[in-house]
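Shared between the two complexes below is chain A, which has chain B as its partner in the first and chain C in the second.
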Partner chain A sequence: MISAHVTTPKLIGSWIALLVLTFLSFGTSRLGLGEVELLIALSISVAKTLIVLFIFMHLVEQRFANRLIVILTFLFIALLVSLTVADPLTRKTFPPRPDPAAHPYP
Partner chain B sequence: MSQATIDADTRPGALGVGAEHPDYLRADSGLRSWLLTKDHKRIALMFYVGVILFLGLGGTFALVLRTELLTPEQTFIDANTYNQMFTLHGITMVWLFMIPAIPTVFGNFVLPIMLGAKDLAFPRVNLASFYVYVLSAIILLGAMLAGGADTGWTFYVPYSTTSPTAVTWMGIGIFVNGISSIMTSVNFIVTTHTLRAKGLSWHRMPLFVWASYGTSIIILFATPVLGMSLLLIAIDHTFGLSLFNPRFGGDPVLFQHLFWFYSHPAVYIMILPAFGVISEVVCSFSHNKPASYRAIAYSSLGIAFVGFFTWGHHMFVAGLSEFDAGVFGALSMFVAIFSAIKVFTWVATLRGGSISFATPMLYFLWFLFLFVFGGMTGVAVATQSLDVHWHDTYFVVAHFHFIMVGGTLTAFLAAAHYWFPKMFGRLYDERVGLLTSVAVFIGFVFTFLPQFLLGNGGMPRRYFTYPERYQWLNVLSTGGAWLLGAGLILALGNLLVALKWGKRAGPNPWGSRSFEWITASPPSKHNFEETPEIERSAYEYTLSEEVARERAKAR
Partner chain C sequence: MSAQRLAEQFETLEKQDHAARLGMWMFLGSETLLFGALFAVYAYYRGMYPSEFVQALHHNSVALGTTNTVVLITSSFTVALGVHFVREGKTRLTAALFALSTLFGGVFLVVKGIEYAHHIHENALPGGMYSFVEQPPAGVVLGITLYWFMTALHGLHVIAGMIMLAAVAVLCLKGRYGTHRFVAVENVGLYWHLVDVVWIFLWPLFYLTD
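Here is the complex of A and B:
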């Protein structure tokens, strides 16, 4: 069942949103926020991906089963990233590993 | 007979529905009619030839390895050739035989018929998937001839990025192979959703369809990650980008995360279709409905799901954090729960059935023994403290061969015998079939059982020489490998002879109630003249009152 239509105003609105998010992504990279920067950049790129999928690729018009595939795909990426990132974040080495910032490029 | 209504009371005509038309083998002739066919059955046969050739090639590599290990010192190949052989054996067997074997051959052939469809949803994509598979095989064979690879099938960094062998082309070949797998899986998913015959609800579908559906989901989600990981290796190997090099902020263990995120579910890509075959065989040859249809069907999806949460158990000694190791160790145990549900349900299906011991049924018994054995040792190596002792020893080699070969290969052979009359309309020699089945089983056990002992005794894998005290077990293992090889060649010979001289099978020689047996054997070009209406489940075995009363008394 078609629940929504992608109309021209919606396409233009989405395009503007993508441009705004691109500038936002660029702007936050200039603020020097440290580790949070990566999180913000990834969140913005996820938002942009969703706009492209749902509006430009017309997923919004599809039935729930088809949308579910995209939702599941995101969950699988989240699974891959979370358990992989959990590994270096929880590693304890003995003796403690040297700080790479001290000698970044040997 | 043009009306195909599949219900409990109506039996097909003597020759099956659609038998008045020429079968798919004779409907068209000439090489062009095969190479450009869009018929799922002919594409399945072309895949059949391909996977058998690569089983032979991978098997030959294995026999070279085992023969080299006959003596403690160098027997007939050098260390570099040995490294090449185990890598090529792994790559050939995993990507060119085991992953495509059951889905592309038997899935392609019987899945649309089981659903009452004339073909898969995308016949052209199906044909394209075959040529993409061939292309990947050509790239991989070319890479084997142009330097091969000596990294092992796992392509671990840092060695894979610096190896002087053709790692880049191997990676590209496997990447292309993944595209073929994805094409097949998309076809299966769409066909299952959209081309089911009228009346064929999800809970009436044959269990093989459920297994193929679960497999397709895993392929769809996991294969892109493998493609991406191997492309990173190929780029790193070619351009020296040091993507996983700690000196430049990389992490070699990250590659293992990416690789096993695909490659652990890949084990289920290999074994889930085997589960589907086994479910069909056990019901057909015990002439009984499954003890719990839903338990088998849903556990396939359960395995497909939890299989994605366990990849870290391959990395317990690779520097994985204690936290991650604990999480992955615990999550790995869930697979055993779903596998056990299946095993118990199959065994319970035998109860009260009318069992006939044809060759596929014998393969089911071998499967049961080998899969349970392999599965239990899997629980053992997923236990972190034990894995530290067994990691990278022959214990692990024996474990995954019990699952992947003992499980997938025996199911493949069961399917090859079970659906042989369906595919070719002839019967193979049952006595030779049973004998070759016994040879395969004994050969297999003699090959891999000693390897558990070798591994537990401390013999590491991927070494081409070893201390003398390990020799007698290695001799047993090598002897077993040759017997296994002979059993496989004889089984193939038996089927080839039956192609020409086998007795005519009739539409349903096993008395199965599954839907693929309603059509003629071999089926006509379009399977059914009219889309059939399904009015029963695929396992409705009705017993005569007399037999039912006798069985009730026996219980």
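Here is the complex of A and C:
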């Protein structure tokens, strides 16, 4: 049997931490910081995900094979999103978006 | 009891349980990649139409979205507690906690349904059905379409998770799970946590945009 590292106080602590991070995220979104807001909100989301993964999902007490899947999934998504978003963010020589006049809506 | 559940292809119960957990993590990984592709689409079009996306998602109710975030995080907590107690053999407590989590899932869906009803009333619908704003810029429609697609796909996962949580709660009461057998309970819990994690990312992307 797996030795239980995740105890009831740890679960309660994680829940409170998740709620605090949620309201932190909500609070920063009301400040009107512009583009930085999205970056802060997503960083808080990553922190919340780590709490859920390691405590709620017991990743802290599992074999490395299970952690490897999480690491690989994260890397694949980071690769997918960053390469995809690099296209619209680095367009210099041709229009950044389709011309609406050329293709009238809808 | 525990010798009976050892399938013949495994040498020990420990290996059998590890295989079950590993299989669940691989399934969750592939689920995450499904949502990952949608997050990539979101990043692409938001990079292309930054102000239109903010305009499209501006009238989403932050209060309702945040309520749902709190509801899902709390349901994840009750599921984690349930998994903790089934390992200690307190199966009635686990059944109660899983039933409570199913209820939280229902609350989430009701709140989401209220939001959807608002959007339908305002004709803030996906694709060609959109008519909330006359002659909307293309990015606005893309933003609303992604909102509907991603939240509805997440909603389907909530429904699937609720069915599994309820089934495991009933089986806990019937004595199928306990200290002798609990990997299935853990795996259903893992699925519910994944649903929570996806919402943790959907919430800032669709509600905290202005």
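Things worth noting here:
As a working rule, the second predicted complex is superposed on the first by the 88 of 106 C-alpha atoms of A that agree within 3 Å, B and C clash if a C-alpha of one lies under 4 Å from a C-alpha of the other, contacts with A are read in each partner's own complex, and residues count from 1 in each chain.
The definition used in the following text is that a contact is a pair of C-beta atoms (placed from the backbone, for glycine too) under 8 Å apart; a residue touches a chain by one contact, two chains touch by 3 or more.
These figures come from a predicted structure and were not determined experimentally.
Look at chain A after the overlay: chain B and chain C clash there. When the two structures are aligned on the shared chain, A:84 is found in touch with chain B and with chain C. By the touch criterion defined above, A:76 lies against chain B and chain C together after alignment on the C-alpha atoms of chain A. When chain B and chain C are set side by side, the one touching more residues of chain A is C. Judged by the touch definition given at the top, the superposed model places A:92 against chain B, while chain C stays out of reach.
Using the contact criterion defined above for the overlaid structures, shared-chain residue A:22 touches chain C, although it does not reach chain B.
The clash between chain B and chain C in the superposition falls on 239-247, which is one of the stretches 203-211, 239-247 or 347-355. Contacts of chain A with chain B, set against its contacts with chain C after fitting on chain A, overlap at residues 72-73, 76, 80, 84, 87-89, 100, 105-106. Chain A contributes residues 4, 6-8, 11-12, 14-15, 18-19, 22, 25-26, 29, 37-38, 41-42, 44-45, 48-49, 52-53, 55-58, 62-63, 65-66, 69-70, 72-73, 76-77, 80-81, 84-85, 87-89, 96-98, 100, 105-106 to its touches with chain C in the complex.
Put simply, chain B touches chain A in their complex at residues 221, 225, 247-249, 251, 253-254, 257-258, 261, 308-309, 312, 319-324, 327-328.
For chain A in complex with chain B, the residues that touch the partner chain are 72-73, 76, 79-80, 83-84, 86-92, 100, 105-106.
In the complex of the two chains, the chain C residues touching chain A come out as 18, 21-22, 25-26, 28-29, 32-33, 36-37, 39-41, 43-45, 47-49, 62, 66, 69-70, 73-74, 76-77, 79-81, 83-84, 87, 127-128, 135-139, 141, 186, 189-190, 193, 196-197, 200-201, 203-204, 208-210.
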